[in-house]
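In what follows, subunit A forms one complex with subunit B and a second complex with subunit C.
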Partner chain A sequence: MSTQFKAEVFQNQYLPQGAKEVHAIMTVTAEGSEGVAGTHTGGSLFGVICDTSGSMGGQKIYAAKEAMVKVVNLLPDDCAFFIVTGSSSARVIFPVSIATPQNKERACGVIKAGLDAHGGTVISTWLTEALQQFNKMAGAVRQALLLTDGQNDVSDEQQLNTVLQACEGVFQCDCRGVGTDWRVKQLQQISHKLLGTTDIIPNASMIEADFRAILEKAMSKSISDVALRLWTPQSARVLFCKQVSPDIVELTHRGKLVKPQVNDYPTGAWGKSESRDFHFCIEVQPGNVGDEMLAGRASLIYTVNGVETKVAEARILVTWTDDDAKSTKIDKRVAHYTGQAELAQNIQEGLEARAQGNIEVATAKLGKAVKIAHNSGNESTAKLLRTVVDIVDAETGTVRIKKSVAKEDEMALESRSTKTSRIPKSS
Partner chain B sequence: MECPKCGSVVQVGDRFCEECGAALTVDNTKAGCIKCGAAPVAIDAEGYCSECGFRNKPRDNDHIEVACLPNFGGVSDKGLRHHRNEDYFALHYVEDRNTYILVVCDGVSSSLEPDKASKVAAESACMALLVERGDIKPESALKIAIAAALESVCAIPYTSSADADPPSTTIVAAVVQDRTATIGWLGDSRAYWISPDGSRQLTRDDSWLEEMVASGKMTEAEAIKSSNAHAITRWLGADAGENAEPTIVSFDIPGAGYLLLCSDGLWNYAPSSEELANLVLQMSDVDAVTVSRRLVEFARSHGGHDNITVILLSTVARTPPS
Partner chain C sequence: MPSYKCPKNHESTESDFCSVCGAKIQGSPEVTTAVQKTATLTCPDCSAPHDPHSGNFCEICGYNFTSGAHGDLPPANITPTPLLKQEELTSSIGEKTHLTWAVVATVDPSLYEEGSPQPPTNQAPIIFHLEKENNLIGRSSSRRGIYPEVDLDFDDAVSHRHALLSCQPDGTLIVRDIGSTNGTKLNGVELTAMIDAPIKEGDELTLGHWTRMTVVAANS
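Right after this comes the complex of A and B.
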């Protein structure tokens, strides 16, 4: 394996007497060696899941077909792919095949010839078909792209949950919604469970560029099924564990107990040059002044053919002290990401309040969000916020809710609110 | 130092108690966790227990006493307010050259791993002075020794942090040969000459206060009120740069008296040489290590806010066996 991982922990290890909550940020960086190809022995499998329900008719289905043809042609020759289309039921229009020039040509023919938009939207059936395809190549890096434009059928809710359970850990899935008739929360439910992202494609002409970006990212992944393994002392509790960069992914309740005191949290596939930050909050049994404790040991683990390999490890330490100068310091990375989580929460709550017509709460929440985004240098979120509020003073978070907001702007803010910034270099 | 089993007095460095025969070397790998009682296998190489997480500290520097010769010894103590001792000292008598080596280091508490910094600095400076076979001048030997100390401090592994500096320590080192003491230092650990015929401070602190007063920008009374007063301007550490160049002075020992090296944990409570002389000269009939211990007790009784280290070479009592 040519990918090297490096883990580093940032924290203030000093706690005052009696304190029991330990915070730490771990930065994990994967660095690929140059010139080594085919690092993943099992290859990669990329699945396209495309909505062909009635609402996709006209320009959308035309653009989606064009985009799929482009994506198929961009696939590296040594990877495998499949295509599933879905409406009230799903159909494998092209089963798992290696992306040879002949197969690509055949796939493009099928896409162009056989896609009509009709019927409803029952996403559980699409995922079920995709799952069967992915099961054919268990050793590969397995990633999917799901494109839809509408809301899932209300009767499918329970079935979707069951299918998501089955898909979890088998493949990752990025979700894209075209237009503004789909629901952010619904797609996020899928992408969160399947360790992917959700985003809006405001109009059909943008599908191609977005697909291209997703494929590029998918093809950069060289190691799949990486778990974040966290050891904690007996009697300790993990209050939370989340990825905080590049975006916030709540992992706390997704831990699997490996053995006593050890949990594995899923992080999916990693690319050759990728860096992510994680925030741990662990409650430990408090010690006496002068005591030192190992409050956590975090490592990254991947499994190939049943053999576990540990690729990086970092320790979270605590020292209890009566020196206030030491214990009152807050590590600046911990502070930064605590702020970024607050930013995402204020956006979610602000948008909800706005949707319910509670302008007072919406103004307060979104104002707070503007202030945090401004102070933490999160430019991209600040920009999205400007589409829903008029900023009077970013420093104090004084804003006015815009009277009319384009639906796609609001949805873009909602889907991207969990994007975080890293700590600015200058501070 | 006392035997943990029977309480009889034992010397530092003894491996077994002469009274009861108990082993005095603490071996954590055989003891199990002192906090939760987990089996010895649960303790990792650095002393962390894999069950409760608490650290079983590998070695205790909280109180160290070394009695090298009746007239030559030292004591280091963590004091009352700090949770560990970040001071360290080394002393050695080289018989064939009739040379005494004295080193005191005070780890900078705002830096990372200050306890390791003071320990490796003191040990490597002492080692460097030991291996010098006496064919170069003591000034040069001290420079080489302090450079060696710097190198070993810079070699301490640490996890970089935006909030703390790389491992750093002060150092004061002395070589005494014939009747000449040559002293080199960085930071605010001091050397004094204490004698009934006149006492004086031999070092000049590398501190903000000293700089302000020396440059005439402030009077001592003004400068001492500043929160910077105790900030040191020179030290040993990866971030010291060109400031790691020690000041070296030479002092002709005029007669009977004491050469005293100490960290600020002592002199904070008795800054002037007269105050220290009053304390030391009251008890001139005892061993150097006893005098050192009583000075440590004096600092502890006045608050013991910092780690306290004292080493003492007496030219009063006895001459070393030849």
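Right after this comes the complex of A and C.
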């Protein structure tokens, strides 16, 4: 095995008498050793899905082409790739092939020659084509990059949901929106379902740098289809289960029941030296003072050729006590991530209120967000917040909503609001 | 697949916590094989080992294993007995120690404090050989069915169930105050109830009005 997983649980296991909610943060770290190509033998498959609808015309399609050529040339020789372009319908302009120098050259030729922008935006058809390509290499680490600049066709909503359902678990997909005419919620719907990220590329000239970063991250993944398996005792209920670092990914309703009391939550592919945090909240039957019980057993499972391998395990404990000094303490990591979740929520609600012209609510929510971001050391989010509000006092969260805000700043804040900071090492 | 019985009588596939209800499974199988017993539970109240064949009740505190009702002791904050590490166990099995323990109880008038009855002058030192794995320090009560191994009837400030002296599989001895009314001191330091303290030859326990006990090791 080349990738070692390590799981650690942080929690206050002491509950006062009668309490039944158990919180725990699990930190999972994958540590790869040099020189081994990963447990994964199926290689990796990277798909590029590029919008070629009418709105992409001009500078955007030109920049996208350039970026795609660069990405193709950057592909390692042993990985496979394909390219799908989409508008009202989708076209596989380059089917799944190994990234040999010849194939790269041919692909670049196709990109340069055959792309012109026209037609509408029906993303479900793009994903359907991509899905078929990914199905050709089921054993690989499968990741895609979707680039678009516009809103999906209204009529596509239902179809998109169906297609996403089919794509879930088959491939992961990062979404990038160019310009400001796309809708954050829409791309997030796709990226959340397909365990990817959504971000804005405000300016067409920045596509290339972003593509490089995505490709680099994708190529670092060595193990795909890792599931977070959570066992809970009989009569317990998982109130929520979410990834909280590096960003918030709600997993609660994505669990698949493996057998009674055991749920698998998807976490996608893991790279070497990757670290993520998960937050569990489990409701158990309250015990007597002095009772100790296991509220959850969380493990990471990956499946290679139908064989499940458990790579790390951690236990979530609970002890009931009448000692208030013990039971009233909140674990600092639990507190931190509870704050980060609140931060994301306040940003989303604040931006929504602002869009509806409800400045009072927006000021309150975004002020609260500024305060949390400031206190938790989430610098990147604090910086994004400063583009939307004028901060009078970060400590108390006193802010003034800016009169005019660049659309791309607002979208950047919205799409990155779920990014969390980790608890600073020094504290 | 091995299965373990949890305190609620579920068949558990996990050895540490029940795979059905999550309850802590007391007395891990490693430990029980090491002390040559079939299956022992640990009392959730006073964490004394309990042999299910000996009945429903904890012999130390009276905890009812069937109903979960508490015995005489108020349910306290339990610090579970730290399970012995595997290597410690295997090493202790290899070289069997023939150490046995005893305590000598004396009346020490110098421990007399205002308010206590005058210490008896005719109480001869008593030697208690710790023959069992767990030895209760206390005062006997036929009404409550308490017959301590270390019976300190002459000192009525000793609780009926006062403390526990446990001979460990590795040959060491520990003392645990099981929530006594007036407390126990080890070498002059007050013990925290329900916390195990290792003791060695020559250590002194003081309890009650004026009882002093000295730990003695004897080779058998």
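Here, the second predicted complex is superposed on the first by the 425 of 427 C-alpha atoms of A that agree within 3 Å, B and C clash if a C-alpha of one lies under 4 Å from a C-alpha of the other, contacts with A are read in each partner's own complex, and residues count from 1 in each chain.
Following the convention adopted for this analysis, a residue touches a chain if its C-beta (ideal position, glycine included) is under 8 Å from a C-beta of that chain, and two chains touch if they have at least 3 such contacts.
Values in this document were obtained by computation on a predicted structure and should not be read as measured data.
Trainee: When the two structures are superposed on subunit A, do subunit B and subunit C clash or fit side by side?
Mentor: clash
Trainee: Touching A:V284 in the superposition: subunit B (first), subunit C (second), both, neither?
Mentor: Once the two structures are laid over each other on A, A:V284 reaches both partners.
Trainee: Just to be sure I read the superposition right, which of the two partners does A:T381 touch: subunit B = first, subunit C = second, or both, or neither?
Mentor: A:T381: touches no partner chain.
Trainee: Classify the contacts of A:E8 with the two partner chains as first (subunit B alone), second (subunit C alone), both, or neither.
Mentor: first
Trainee: After lining up the shared chain so the two structures overlap, which partner does A:T267 touch, if you call subunit B first and subunit C second: first, second, both or neither?
Mentor: Neither subunit B nor subunit C is touched by A:T267.
Trainee: Tell me which partner touches more residues of subunit A in the superposed arrangement, subunit B or subunit C.
Mentor: On the superposition, B touches more of the residues of subunit A.
Trainee: On the A-aligned overlay, A:Q243 touches which partner chain: subunit B = first, subunit C = second, or both, or neither?
Mentor: Touch status of A:Q243: no partner.
Trainee: So in the superposed three-chain picture, is A:D331 touching just subunit B, just subunit C, both, or none of them (first/second/both/neither)?
Mentor: first
Trainee: When you line up both complexes on chain A, which piece of subunit B, out of 134-142, 152-160, 188-196 or 206-214, runs into subunit C?
Mentor: Among 134-142, 152-160, 188-196 or 206-214, only one stretch of subunit B overlaps subunit C, namely 188-196.
Trainee: Indicate the residue numbers of subunit A shared between its subunit B interface and its subunit C interface, in ascending order.
Mentor: Residues 231-236, 261, 284, 289-295, 319, 321-323, which sit in both footprints.
Trainee: Can you tell me which positions in subunit A touch subunit C when the two form their complex?
Mentor: Those residues of subunit A that touch subunit C are 231-236, 261, 284, 288-295, 297, 315, 319, 321-323, 326.
Trainee: Write out the stretch or stretches of subunit A touching subunit B in their complex.
Mentor: Subunit A reaches subunit B through residues 8-10, 12, 231-236, 261, 284-285, 287, 289-295, 319-323, 329, 331-332.
Trainee: Could you please specify the touching residues of subunit C with respect to subunit A in the complex?
Mentor: On the subunit C side, the touching residues are 14, 16-24, 44-45, 68, 75-78, 80.
Trainee: Which residues of subunit B touch subunit A once you look at their complex with the stated criterion?
Mentor: 35-36, 48-55, 57, 81-84, 159, 161-163
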